[in-house]
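One chain, chain A, links the two complexes that follow: it is found with chain B in the first and with chain C in the second.
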Partner chain A sequence: MEKKVINFGYSVTRDRQIDFDANNRDICKIVAAAEPTINLCISCGTCTATCSAALFTDFSLRQIILLVRRGETKGLEKEISKCMLCGKCQLVCPRNVSTRNLVIQISKAITTARS
Partner chain B sequence: MTFDLFVLPFFFGLLFLMAVLIIKYSRWIAMMDASDRIKAAMGLFSVNLLKTIKEIFMESLLHRKMFKRNPLLGYMHMSFALGWFLLIVMGNLESRVYSGGHINPPYYPIFLKFFIHDKRVLPFEIFTLPGFFRFTMDLLLLYVLSGLVLALFKRTRSKWFGLHQTTNHKRFDRWVLTSLWLIFPMRLLAESFTAGIYRGGGFLTNTLGSIFDVILPLEYLAYPAWWAYSTMLGIFFVTLPWSRFMHIPTEIILIYLRNAGIEQGKYPGSFSEIELRSCPRCGVCIDVCQMNQAGLTGSTAVYLIRSLRDKQADVQLNLNCLMCGRCLEACPVGIDTLGLRVGARSVDNKLLASDFSYLLKEPVVERKAEVAYFAGCMGHLTPGVKRAMLQIFEKAGVEYTFLDEDGSICCGRPLKLAGLQESASKLVKENTMKILDTKAKILVTSCPICYKVFNNDYELQGIEVMHHSVYIDKLVKDGKLVLQPMDMKAVYHDPCELGRGSGIYEQPRNVLKQIAEVADVSEERVNSLCCGGSIGEISMNAAKRNVIRDGALGILCESQPDILVTACPLCKKTFDSGNAILVKDIAEIVAESMILSKQKVEITAIAR
Partner chain C sequence: MGKHVVVIGAGPAGLETSASLAKIGFNVTLVEKEETTGGHLKKWHALFPVLLSGHEALETIQKGLSSAVKIQTSTKITGLEEVNDYFTVTGHNGWQAKADAIVLTTGFQLFDARRKEEYGYGIYENVITSADLEELLASGKPLVNRHGNKPERIGFVHCVGSRDEKVNNLHCSKVCCITAVKQAIEVKQMLPEAEVFCFYMDLRMFGRHYEELYKEAQEKYNIQFIRGRLSESTEDQDGNIIVKVEDTLLGKPLRIKTGLLVLMVGMEPTAKTKSLVKKLGLQQVSDGFIQPVDEVLRSNCTEIPGVFVAGTCSGPKSVADTLADARSAALAVADFLKK
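And now, the complex of A and B:
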């Protein structure tokens, strides 16, 4: 039986605190070694704003980079494969992040870690 | 006497070489696709065979492309290749004079002067058959030796040969090179010593022999010299299949297969194995590579090919390449350097293996215009180019379908260049459907990257793919567009994918010449420089890209033009960020000059 909770008209959201100690940040380190410009990202979201794939589906490189940095890489493999590598994000990035290589390296690191 | 022990190093070396070559070549033929094998077999019966023989003669013996690059470099290679070839042919004929026309054992012509001392022929006689051969053989030996002297100079004075940077060879290759170099001086010594003893020989060996006879005890030296000559030949033959000199036999096979219509496939196969071994590591690709400017020297084509052949390819290093095709253009052997690199990159081809199912949600719309316009990702990123094209369509009264008005699906070329062929083919499939749905006759694209892949990898039956510069040229020629000259000096930059990649050089220039005075650039057309923005380069950082961009801008602005015109949105965007000169796409400048000639046109797209 589910516990009946009285509806007060509001709910308590799950704790969104990121626990860096619990998360596995190895993938981020592997990616940063192969493509150091990941460290330049300021999460401005310009990449996502211009993204070709994002016009058709829910896809955000900004979010992917954030998640990789946090070590929350579960399910990211499928997510990142939506990228078409067209390179628009690289041309608009104000921080000159090598986004295309970043996508390849993230995909590679996650695939390698899985196998 | 027709045999001596000293011929054995040569004889066994030759047998070993033949055996290794037969094993290697049969293995590659066995590895081939069935369709390629049929093509290879059919090549023997086609007229292309004559073309092949001509090409082998021009390139493998005369080294025509090497001559084009630098006469001294060409002469050096020709003296070795043609000189040695003629020595073998003439030596064979000469030996038959003495054997009454019979075929001799393979070592016999090579060491003929050891076995035959024809005292009837005077040293400087040339008008009898044996005298003619003796003279010619000495002349050919001198010819090869002149090349050897040049080769020695090239070690320290490579600039005389048009090479500013040369290949950094492996130690093994240097050993093999030394054995090759020693073959001919050893032959000269052996023949001269023997000529000195018997007072035989031609103009060269007789003269040297007489001199040596005065100062050296020739009767003790002659026999060891023949051993040394034979040993050098033996060493060279035994090491050849694993050295860069494997290009000597393999290049001939490569030329034959290429003329039979076999191409580098998507993934490494036997054709790429043959290409890898056809590379002589001459280093011509090093000077033309712009990556050197950025200090990235390790991934030049010659080193990529060597690492692939040695199976020590560095995946990370291979990402460093602009894929501009300058090395492909410069390569005297015509090796598909770009195809090999894409193949090397494709070892990671399981990455990003998306089915791109999200693209399927796109509703299919029936449109009926004659022309379909595809701006491409880069076209969308440079709205000026896109806007200009729409204005041009309006002005020329062309009904068109704006295929990717709401943002494009990538054409697939970036994925392909990254070696991710599987994913690329899915995008190709998706876009092909969209394009065919338009029922258009002409597909105009603003992006040379898309243009190349549409042409090469898409199956668009009945649709003519045109880059916008070609389409504008057509509109102008058909009288649908009137352009008014502007008072300015322009230079035109050939985008890699449009120029070297697709062979379009004239149409954009034709258009531009109607608008502005077009100045020549020192490196243009096939020698055009990459802007540095290349989508083929994956890992280079922005600072290094800027170095390449600025290098190219420096060359383009040498004549101090008012404007730099290009035909690629990506080149435009890259050059523009250099802040050196006004940069415009050919479509933009056309749109401006036609607006000047007539009243301003409202921008409205009719066909939806």
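And now, the complex of A and C:
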């Protein structure tokens, strides 16, 4: 017999809190091993300010770096593909973060984790 | 010269002021309420940004004292009066002295973290203060939390009792940001496997080599900085401390479990400073620290000729700044007394 779930018209909203303990931060570890300068980012936003992709879309490298560090990697694959690897961000970074390689390493780690 | 200066408070500021005054040629009496000299520095393990041992620093400062400095310990000041062209200083034990000038070096007191009740100090065993951690590091004991376990995760909370109008402290205590970075590195050196987090509003790395130490903390020790102020902490069944902040750079609330939470307590003027200020009729800044007559040009002078200030009684300072301020105060006294 098929069970029927009554639709009351309500749903449970998942909270938007970053649950640091529950999140999987392996991607961050893999990226940091390949490109340790990820740890030097101070979220100043200069990369995003100079970014051509950020000018026309809501792409933000500053935010992507933070999301990786917090283990909030859902939907990141599509987001990171907006980067055209022009490398302008690397020229302006005050902490000498190797941003271009960082984007490559994040893409790689996400693809590896998926497969 | 034969002139006599009374210096009140024998922490780093009082010790250095006295030593400098004696070198210039004055007779000095250094009065201290406690049994020994050294103030807060006695309990401090290491000083930023070079991890100089607090014990060594104090020894070096004390070596500067000569026989021209008389040390009067275990004496609480009860009377301070201006009589014609000199001052009478009286202690609770009947000690009395005539002084041609007075230097107030009454220092600071640490913010009582229990006043930020929502942070859990005095309620949860694994919430400690930066001063507690410093004592623990100085003791040479292994770094374990109050349950005897090596914490896997340690959090540092910046600005506890500073920049917070809820506890009536608008001021920045200046030294806590860099102290948190220093302590985070020390903790990571002791427990390389642990994850260390700093929760901050702003990072004020203004001093020489502070920024370098901050970068080293990220580069060499992988200490993570999360921009967000702690709203409250709670305890789980195992005695871990659950921290809730907003990750303001992502715009989302964040929840994280720590085995040990360290509150970076700020500096406040002491009750003694407040009472001496009242006795003398001196001006105070609204935050309770002593207001010099001019903060830029005459930072050691008060509006009463012959009464000077040095060190943290006029506002938060590092040990390095305190020592420089103390030497500067000695010159201001000399300038006054030669007239």
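We take it that the second predicted complex is superposed on the first by the 98 of 115 C-alpha atoms of A that agree within 3 Å, B and C clash if a C-alpha of one lies under 4 Å from a C-alpha of the other, contacts with A are read in each partner's own complex, and residues count from 1 in each chain.
To be clear about the criterion, a residue touches a chain if its C-beta (ideal position, glycine included) is under 8 Å from a C-beta of that chain, and two chains touch if they have at least 3 such contacts.
Source: prediction; values computed, not measured.
J.: Fit or clash for chain B plus chain C once both are placed on chain A?
T.: These partners fit in the superposed model.
J.: Just checking: does A:T57 make contact with chain B only, chain C only, both, or neither of them? Give me first, second, both or neither.
T.: first
J.: For chain A, which side has the bigger count of touched residues, chain B or chain C?
T.: Of chain B and chain C, B contacts more residues of chain A.
J.: I'd like to know which partner A:N24 touches here: chain B for first, chain C for second, both or neither.
T.: neither
J.: Where does A:V92 make contact in the superposed view: on chain B (first), on chain C (second), on both, or on neither?
T.: Only chain B is touched by A:V92; chain C is not.
J.: For A:I80, is the partner it touches chain B (first), chain C (second), both, or none of the two (neither)?
T.: First partner only, chain B.
J.: So, does A:S107 touch the first partner chain B, the second partner chain C, both, or neither?
T.: In the superposition, A:S107 touches chain B alone.
J.: Given the touch rule stated above, what does A:N39 touch, chain B (first), chain C (second), both, or neither?
T.: Only chain C; A:N39 stays clear of chain B.
J.: Rounded to whole Å, what minimum CA distance do you find between chain B and chain C in the overlaid structures?
T.: 13
J.: Under the contact rule defined above, give the chain A residues that sit at the interface with chain B and also at the interface with chain C.
T.: Dual-contact residues (chain A): none.
J.: Can you check the complex and tell me which residues of chain C touch chain A?
T.: So the residues of chain C touching chain A come out as 215, 218-219, 222, 224-225, 227, 247, 249-250, 252-257.
J.: Applying the document's contact rule, which stretches of chain A touch chain B when the two form their complex?
T.: Interface residues on the chain A side: 34-35, 37, 50, 52-53, 55-57, 78, 80-88, 91-92, 96, 98, 100-101, 103-104, 107-108, 111.
J.: Where on chain B does chain A make contact in their complex?
T.: Touching chain A from chain B are residues 316, 319, 348, 350-354, 356, 358-359, 361-362, 377-378, 380-381, 406-410, 412, 414-415, 418, 420, 423, 427, 533, 535, 538-543, 570, 573.
J.: For a test of understanding, state which residues of chain A touch chain C in their complex under the given definition.
T.: By the definition above, chain A touches chain C via 16-21, 32, 36, 39-40, 42-43, 62-63, 66-67, 69-70, 72, 95.
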